[in-house]
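Before I ask anything, let me first share the structure, which is written out below as structure tokens.
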Amino acid sequence: MGINKSTFEKLRQQTFVIIYGTNTAAGRLFDLFLLGIILLSVVLVMLETVQGFDTKYHTQVVFLEWLITIFFTIEYILRIISIKKPLQYIFSFYGIIDLIAVLPMYLSLFITGTSVLTIVRAFRLIRLFKILNHPQFTGQSLHLKDALLASRSKIVVFIYFVLISTVFIGSIMYVIEGPENGFTSIPTSIYWTIVTLTTVGYGDISPSTPLGQFVASFVMVLGYGIIAVPTGIVTAELAKSDSSKKKSTKNPCSHCGTEDHTAKAIFCYNCGNNLSNE
Amino acid sequence: MGINKSTFEKLRQQTFVIIYGTNTAAGRLFDLFLLGIILLSVVLVMLETVQGFDTKYHTQVVFLEWLITIFFTIEYILRIISIKKPLQYIFSFYGIIDLIAVLPMYLSLFITGTSVLTIVRAFRLIRLFKILNHPQFTGQSLHLKDALLASRSKIVVFIYFVLISTVFIGSIMYVIEGPENGFTSIPTSIYWTIVTLTTVGYGDISPSTPLGQFVASFVMVLGYGIIAVPTGIVTAELAKSDSSKKKSTKNPCSHCGTEDHTAKAIFCYNCGNNLSNE
Amino acid sequence: MGINKSTFEKLRQQTFVIIYGTNTAAGRLFDLFLLGIILLSVVLVMLETVQGFDTKYHTQVVFLEWLITIFFTIEYILRIISIKKPLQYIFSFYGIIDLIAVLPMYLSLFITGTSVLTIVRAFRLIRLFKILNHPQFTGQSLHLKDALLASRSKIVVFIYFVLISTVFIGSIMYVIEGPENGFTSIPTSIYWTIVTLTTVGYGDISPSTPLGQFVASFVMVLGYGIIAVPTGIVTAELAKSDSSKKKSTKNPCSHCGTEDHTAKAIFCYNCGNNLSNE
Amino acid sequence: MGINKSTFEKLRQQTFVIIYGTNTAAGRLFDLFLLGIILLSVVLVMLETVQGFDTKYHTQVVFLEWLITIFFTIEYILRIISIKKPLQYIFSFYGIIDLIAVLPMYLSLFITGTSVLTIVRAFRLIRLFKILNHPQFTGQSLHLKDALLASRSKIVVFIYFVLISTVFIGSIMYVIEGPENGFTSIPTSIYWTIVTLTTVGYGDISPSTPLGQFVASFVMVLGYGIIAVPTGIVTAELAKSDSSKKKSTKNPCSHCGTEDHTAKAIFCYNCGNNLSNE
């Protein structure tokens, strides 16, 4: 029994290293395999919604869906067993997603029509971000993330102004064009305003009165100017974080305190002090 | 009577603090409550224009509208009473908007069909900007505002060029495509040019002759290049104000108080005081 | 006769100052008046193409058009008489435009249907750029112009790549979608590619086969990345010219040669030398 | 025979200089002529797909196509003969393209309907990039290329996030709108998401339910913010490479040859040599 338990413990540990770890060859292989299965399951759910495909390959798709569901179920159970604190995993973000990914298929056995819910399996795609754990990408992601976080409050202020503007412009366009020209209500008018301001321009609703077209032209030129703002914010932030990163790698001169030496500098450019002594 | 007057005065002052103030808990609560009511009233006006909703909940909506109107009326009267210089408030920007917000409903009692004018109540949304009085947002707003103000004259020049271009391109497209292809008049052609240059592209009017499509392609590539200009202007301005802001936080001179020394400064550029002694 | 000639000469000079000059009050007034007439004439030509307007106010429009034509003719003759070298004006850019602006109306007397050519009058709008002769705007225009000129060769390279890409993508989409889905020919396909790459997206032609939609998605994401390039070029150029302008306004220290003093600097920040002595 | 062989060798060398070289007048002339023929052949293939044009000028087009094919064939053979290592050319990128460019026409002799494959001739357009071998453009191309390469990994991370987002948004919109509103399947929904996020907005598919329009508005505002990211990345990179280029043009050290001193440098940062003596 003692040996049995130790064998089980050993197995548990090995399973843990394979499923949770990313440092061993087996761990990386399992991650890649899992990601492949997730991608496959998402593609399957997608294709299931395509009319022609579903009628042709219905049996095969259902078979594959069950295969994937069973694989995910086993993986889920192994994750619970192999970890030391199973509850922590079960109620973690990934734990809940992993559970949600398998539930719909089992539910579809009892309630018909719930197989479309397997769509939630797409949430497991979030695991794909793990691929980005390569140092090159991590650095870049962090850089991007920092710049976006730094520009957050500016962008909130900006979106706030834009949203209030859309309410105003939407109301005005509703009064000008009216329901007979497709601006059936103020919410619809606001939808049109957003479609126009963001330069998407579906054309499902478009002004037909001369005054409406005039105001629309004004809105478009405004949107043109407005698009410059978020771009400007993010660019300025990215450029800043670039230069501040550059600066932080510089070594200050102990003699005269000059700080902005280039990375290759051996002597201080201000007083000629040898920087390599420091 | 003297006590009565003093009580009234005290009440007036308390009302003032609650309605106009933002520093006390009651003042902040009132502001939030007011903003909630304004948002609700705007949402109501919006929903009223939705066909299905209006026929279903007409009585409730009218009831709520009157409730809000009466609340706004009381608030308006309290604002006049509690302030020391009532006329200054009445003829101020906010005072006029507050009055305009309640008038349409009372007017609708005498003249039918004016209830649609309650839309002007959306102007009270401008009070929403008060929410942004948080230091974090105020700084960011000012930063954005400064950058936009600084780029104002460049953007005026730019829009000026764009507008003249649209007249030219619109005239040319009217001659090429003509009324039979949807370019019914030069103003319509100019509208199409703006729709295209700003990359909105509704598709309600689109060129159908080969020559028209060729010129349109040219206009689009032009618009592509043109969109770079306002973005470039705003970004350069934001980046500039960023770096100038950074500079102004550098060590102030203890002698003359000048603040915007560059990082490398050893002596104050204004009085010659040695900055390194500090 | 001598007096007469001198009177004529004086009159000629006064006319010259009024018509060509912009420094006297009369000259500025004439310029503004002329610009008003040009704007009016352009608006008239525009409105003439609007169906409803033309049938209603045909007589008035024709009357005004002749009035403007006669005014422009007199102005043209005065410009020739009052200048010292008339031929230089006649064959100058503005001279030719001024002539072209009046010709169509006179031509319409002999040949019917040429009145639509009065559209060329829009070319006189170029005179509107004179308004921008205000120092504030001139500086900004020059700044913009410099940045655009500096980024010219980069943008040429960029457009070159884009054009070749459109030929490739257009050909591929023609093969995939074919004439039955609106991609009637390769030139039409290229037109569609430009409409898509520039994110205009009329929707007059849009892919309907799954493969076509897949390739189109790819083209859109490409266009998304591509739009960053001209913006990046212009922004970098504007930011550069901003900083180089800032630098060029700095006075170098005669003692230590430090160059990047701020505009307000009185003492050199490097050696404390008094800059105002220079 | 010896003389003959030497004559042939001489001829071969002259042919090589003309066909492959770009330094002699003849070489440049041949390049321009070749590019002209390539452009002509591409235009021909394009026009062939235009209905009206083909029925009218079918014989002439076919004649010209054969003329060009024969010219390309001769050029291909000459390229093989004149080069010292023919196999290296044959299996090079350009060699394969040159072969592919002539094959379809010969194939069309045996199999009908393959003449449409002459479209692959467009690949020879890549040779057009040779025109850009002018130093002015080469520098700019390299500059652009460097900036794009440097921003590569950031853009990969960005596109990765965008693609996963499109799968999520597409699935949600499919559930909300459903096949009855044009969102026939999840892949189609993802296509719509890309069309919307990139602000192309064809309008072939557009949301019609209020909830769908609300989510679409959200997606558009998101796309608005998202478009800022690639622009910001490229701009920051271009600005950075600009400033680093600027730095490298500063005064070189006479002692060790190091070139990228900052403008303020007094001593060489590499060897400590006093730069101000120069």
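Going in written order, the chains are labelled A, B, C and D, and every chain counts its residues from 1.
Please note the rule applied: a contact is a pair of C-beta atoms (placed from the backbone, for glycine too) under 8 Å apart; a residue touches a chain by one contact, two chains touch by 3 or more.
Nothing here was measured: the structure is a model prediction, and the numbers come from that model.
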| item | value |
| --- | --- |
| Magnitude of the superposing rotation for chain A and chain D (Cα, nearest 5°) | 90 |
| From the options B-D, A-D or A-C, the pair that copies B-C, where over half of the contact pairs coincide | A-D |
| Computed distance of Cα centres, chain D from chain A, in Å | 30 |
| Whole-Å gap between the CA centroids of chain B and chain D | 43 |
| Inter-chain centre distance, chain C versus chain D - centres from mean C-alpha coordinates, in Å | 31 |
| Touching two or more other chains - residue numbers and ranges from chain A | 187, 190, 199-203, 227, 231, 233, 235, 239, 260 |
| Chain-level touch network, classified as line, ring, star, complete or other | complete |
| Interfacial residue positions of chain B with respect to chain D in the complex | 199-203, 231, 235, 264 |
| Interfacial residue positions of chain C with respect to chain B in the complex | 42, 45-47, 49-51, 116, 119, 122, 125-126, 128-129, 132, 136-137, 140-141, 143-144, 147-148, 155, 159, 162, 187-188, 190-191, 194-195, 198-204, 227, 230-231, 233-235, 237-239, 242-243, 260-262, 264-272, 274-275 |
| In the complex, chain B residues that touch chain C | 153-154, 156-158, 160, 164, 167-168, 171, 174-175, 179, 184-187, 190, 196, 199-203, 206, 208, 210, 213-214, 216-217, 220-221, 223-225, 227-229, 231-233, 235-236, 239-240, 260-262, 264-272, 274 |
